Amino acid sequence: MPVARVHLVPAAAPDDVSGLEALIAAGRLDPSGILAIFGKTEGNGCVNDFTRGFATRALTDALAAHVGREKAAAVCYVMSGGTEGAMSPHWTVFERLEDAPGEENHGPRPALAIGRVHTADLPPEHLGRMGQVELVAAGVKAAMKQAGIRAARDVHFVQIKCPLLTAQRIGEAEARGADVAVRDTLKSMGLSRGASSLGVALALGEVARDRLGDDVVCRDWSLASGRASASAGVELLNHEIVVLGRSADWSGPLTIDHAVMADAIDTEALRKALDRLGLHAAGQLDRAQQARLVAVLAKAEASPDGSVRGARHTMLDDSDISSTRHARAFVAGALAGLVGRTMIYVSGGAEHQGPPGGGPVALIVER
Amino acid sequence: MPVARVHLVPAAAPDDVSGLEALIAAGRLDPSGILAIFGKTEGNGCVNDFTRGFATRALTDALAAHVGREKAAAVCYVMSGGTEGAMSPHWTVFERLEDAPGEENHGPRPALAIGRVHTADLPPEHLGRMGQVELVAAGVKAAMKQAGIRAARDVHFVQIKCPLLTAQRIGEAEARGADVAVRDTLKSMGLSRGASSLGVALALGEVARDRLGDDVVCRDWSLASGRASASAGVELLNHEIVVLGRSADWSGPLTIDHAVMADAIDTEALRKALDRLGLHAAGQLDRAQQARLVAVLAKAEASPDGSVRGARHTMLDDSDISSTRHARAFVAGALAGLVGRTMIYVSGGAEHQGPPGGGPVALIVER
Amino acid sequence: MPVARVHLVPAAAPDDVSGLEALIAAGRLDPSGILAIFGKTEGNGCVNDFTRGFATRALTDALAAHVGREKAAAVCYVMSGGTEGAMSPHWTVFERLEDAPGEENHGPRPALAIGRVHTADLPPEHLGRMGQVELVAAGVKAAMKQAGIRAARDVHFVQIKCPLLTAQRIGEAEARGADVAVRDTLKSMGLSRGASSLGVALALGEVARDRLGDDVVCRDWSLASGRASASAGVELLNHEIVVLGRSADWSGPLTIDHAVMADAIDTEALRKALDRLGLHAAGQLDRAQQARLVAVLAKAEASPDGSVRGARHTMLDDSDISSTRHARAFVAGALAGLVGRTMIYVSGGAEHQGPPGGGPVALIVER
Amino acid sequence: MPVARVHLVPAAAPDDVSGLEALIAAGRLDPSGILAIFGKTEGNGCVNDFTRGFATRALTDALAAHVGREKAAAVCYVMSGGTEGAMSPHWTVFERLEDAPGEENHGPRPALAIGRVHTADLPPEHLGRMGQVELVAAGVKAAMKQAGIRAARDVHFVQIKCPLLTAQRIGEAEARGADVAVRDTLKSMGLSRGASSLGVALALGEVARDRLGDDVVCRDWSLASGRASASAGVELLNHEIVVLGRSADWSGPLTIDHAVMADAIDTEALRKALDRLGLHAAGQLDRAQQARLVAVLAKAEASPDGSVRGARHTMLDDSDISSTRHARAFVAGALAGLVGRTMIYVSGGAEHQGPPGGGPVALIVER
């Protein structure tokens, strides 16, 4: 029976694999069991953020030395750029341990379960449209099956790395006579995240198929998934999908739950989820509680109506700093103030991921 | 006996005075009693942030129409640029009401007291040096006296608007043969804030005079004030000093206290101060509590050692976004997550204002 | 018979009117004859550039003291934000002198002629659509008539200041049930400039009406004006239109011509126009020639196909700096290298202004 | 007798080595002869520009597949970040061909000669001080010797890649009790470039040793090299030095000369150098001339006095965009306007490289 292990590893630079190597050398991480690595890297998280590709290359090279090129390439590297504010660059390594080495790894069931798939390449002209929604929905179902998660309600986080358009890719599509959904490359990141998230919502039954269509993507904000997290990156042309949930097929000390923040300061939703997981906090988590909190995975975005609880924000009118950077910094502050640490994963752009201006947050804890 | 009134007014743009005008028109604000206006304006908060000067001009013009040019010019306009994240642009108007119109304004004493002064112009070559420290210390004492605050311990916030160096001002000083402390204009903002804050620390007895000198400014971070808040702006050549505290000479429903955050996520310090003021919060303040919280005035900075609680941050290595902008966004998120609103005043650059990486926070509440 | 005078005035800050005041005090500029002031101000030239509004306020106040509020408000203030690279902030003041004071002002005819109009406010939902095209076209014709310019071929520059969408304006329109052309505020600037420029093209007969429609704006780049220059700004809701050309109804020493740069480095087009105006330059203009060159008015944009003469550029993929800022800096360098000075007016965003990636340049010289 | 070959290769991304591979596959580039690769990569060119490290890794990996890890590591990879404006990302590959394959490679002598060395690692506390100056001067002399360039006057370009300080490196040095020259990481790049350039000036006899000292670095701007080009990068701890000049020991069709621009728009200096090399241009180089111009290597900086030919610039007061980015965009425009192409190498930060605000430009042409 498999056991899920999750390792938080600080990164001193986008290509810093020393922490990963140290875990492997110490026998605490088996490289052959790694299914996925989520990274927070220190680029701008937008179109020209090459820290993601740099990190993926460094991580792949490092793993290849242990498990070979082919197996290293099959790992899902989900690099989310942008460590604004005091957010700390790090890797979250998801490991599937087939034969748990000791009793301490066998906790009550159901336990944290992990599934992952890679989709086929997405043609640029499908980006932000139903072609992308369907491709992702099929991928999510495949990942659930792989993880042994039977019911949609047992899925608590779906991380998707999706492609974006660049001037070059648009040119290639247009040279073929194809019409892309948008020519603004930064905006293409939003459309890609939005269509991917609707794909999750479709797979999990959060939105019915007949409400979907090309014209709702990044337009009808009433349609959303409470468990999707999508990041767009220049370094891939397909999707990498990682499903996190609970399954009776898995054992081990870890479990997972999620909250949906209604807006950028809805820390109460997170506090209630911590409560459900046994971390009762008046104010900030104390040190013992912080030690049990393995990972915080969140999405953030500037509320599209230009305000939070009636007060105007300026994130969408700032031409010097992308609103995704503003939102990550701010929401990371709100979450860190509650959980007491800055090594958290806050990813920008939450189109169709939770309500407008809010977003899903998943919590992985040791029971 | 004077009563202090504090008004929070949303600003739709740096020159939006419509909210101020509405308060005056409604008889809820007497323009002749305004001592100071603190503004959070939506510029970058750095050297070339002209939203501060634009706001000051608009506010001055508006008040001049009510009280005349001379009286309008005597108001302390402390414009702090930068509403990163979801922070909401607004004015905080400090009013001294000589004859409180009704019983509802007479609360227990001591109550919130306000003092303000303008210093003489600072020669560019004194910026960041003892000349500036002494000038500010004298100003703080004058403002305390004006406010009727006798003991240093009754001072809870000292807001200082201080000048910065521009290429032009440096050139003028050097043409006179004078040597400025720094030629990097962005860095001059930090030095000016640092020297001003040490001036507050000197005035309030937080740091002894014999520990001060030109060489400690922005170098010896063990020297700090727990109540200073300094903002640098291109639009002035002198200092504007506003002292907020408690005095038995004042009455009214408002009181004030402060906390010193030890680091960027030390929301517990704030929670304890809220407790002392009667706002006991498990998690976020509820709506009734939020209504009693009149103003949150805070300082934020990137911790100079490059980490928060041992985890690396990237704010000081980011050449695209000033660390002051990162820190404001993040700390605003941490504070807003606790108090439940985004119309808060978080000012960047906390050199010698609280411990390195932390900063003072003042809270004005209705009893 | 009127004489056109054009004054270049350095600006030390967005609200610096000292140079203007000095000219007036010296009797070299009659404030009552000012038709328009073009400003290059030092903001980011994008959505949240408040230097434009600040400058307009300062200039209006200054003129009002000389000619009264009403006449000051009728001046066209065209503030173009963004002095990237070594471009120097300045005002270009266009004056119509009714009674030329001396013989030195009477040169050969036709001479430089100036016309200006303000249009009505543009409803947000017309922005970027035919409603805006038609409104501008009518305005251009009115301005030509005012200037005494009879033939479209005698028009050499049409400067238009047009509005943009903000989160707030979009919200207002949508609250009325109206549908805006775009919800991305930065992108709305491009649409507004594009529709305005097509309005110029329509008025000057460069594009036939039957080729125009909502769907060509910022889509069909084969449609363009070789003489339009549009800047979008947050500070206005209507259009300010200034037409510059040659008319036999005007006299004086000044004349005007224009070039259309085919791409960002097409300095040869400019060199030919200088030749036509009698400024024959092998390489950079010499000092005597520089003294005769009164004003350089240019548009710049990143070529939408992502390349210049076959070599890739990265302006459209840079999420840290708007492509408009990149293009202004670069084209200003190309022009300044030829004319030998940095006080030139290069305005960003050249949608439908010259060919894609290129743009119009007007030259005003003393004969 | 060796022949120098120089290849300009477009880069579609920081890790794009396809152009390099194509040249090798076509037999036009012998990977074992590569001495150095200069890259213009599309990062911000400042502290957190990881495109340089990413490019170096990709190029090293690519060459290692051809010539082995050790030989690939010995190549000087000088990655200069920042392709602002229309500057085009590319690699300039410097090859030393021992046995020129045909007559067409044997031109008149002296011809272009190339030397390269790596220095030892620089302790962080030596950065920006005499320790760095001396280390670089010794390196330049070693590189001249290697290239067979006997006289300092035959050196026309010295490219140095030098390290910078990061928060972490400062912390390490301070933990050892060492005192660094500056704690501002962005500023450390300037100091490193400045000290390296004074090292070149010392080696080439442009500045006498007794005029040098810790206190002149980035202070006494009268001291400079007319041939140094230094770029700072986070990815190295030592210096990589490449000397380009003329030597009778080399043959082949290529030669080199240089100009020193007096300010950011001094294109006339460049035009005179083109003249000396046989490229006589009235205005922009024509197509035939462009084909003979192999490489343009230039330095650019914002003039420290805040003006160009008396007109104020705003580059040093802009807190949104580093002055190095402004200067690169602008000067690239000026140079591209003259030479007619955008694939040029303009590197930012010209401390002690040419006069303040100006900088060296080297030209490699085919005779």
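Which chain is which? They are A, B, C and D, in the order written, and residues in each are numbered from 1.
Note that in this section contacts are C-beta pairs under 8 Å (C-beta built on N, C-alpha and C of every residue); 3 or more make two chains touch, one makes a residue touch a chain.
Just so you know, these numbers come straight off a predicted model, no measurement behind them.
> Going by C-alpha centroids, which chain is farthest from subunit A? Tell me that one.
Max centre-to-centre separation from subunit A belongs to C.
> Go through C-D and B-C and name the pair with more C-beta contacts between its chains.
Between the two chain pairs, C-D has more contacting C-beta pairs.
> With chain centres taken as the means of their Cα atoms, state the distance from subunit A to subunit C in Å.
Centre-to-centre distance between subunit A and subunit C: 46 Å.
> Express in whole angstrom the distance between the two chain centres, defined as the mean CA positions of subunit B and subunit C.
Comparing mean C-alpha positions, subunit C is 40 Å from subunit B.
> Approximately how many whole Å separate the CA-defined centres of subunit C and subunit D?
Going by mean C-alpha positions, subunit C sits 38 Å from subunit D.
> Can you list every residue of subunit D that touches 2 or more other chains, as numbers and ranges?
In subunit D, residues 12, 42, 44, 48, 168, 312, 314, 317-318, 320 touch at least two other chains, as defined above.
> Please give the residue numbers of subunit C that touch subunit B in the complex, ascending.
My answer: residues 12-15, 42-43, 48, 50-51, 53-54, 57-58, 168, 234, 320.
> Can you list the residues on subunit D that touch subunit B in the complex?
Listed in rising order, the residues of subunit D that touch subunit B are 44, 46-49, 166-168, 171, 183-187, 304-306, 312, 314, 316-320, 322.
> Subunit C touches which residues of subunit D in the complex?
Result: residues 10, 12, 42, 44, 83-90, 264-265, 267-268, 271, 281-284, 302-303, 307-309, 311-315, 317-318, 320-321, 325-327, 329-338, 340-343 of subunit D touch subunit C.
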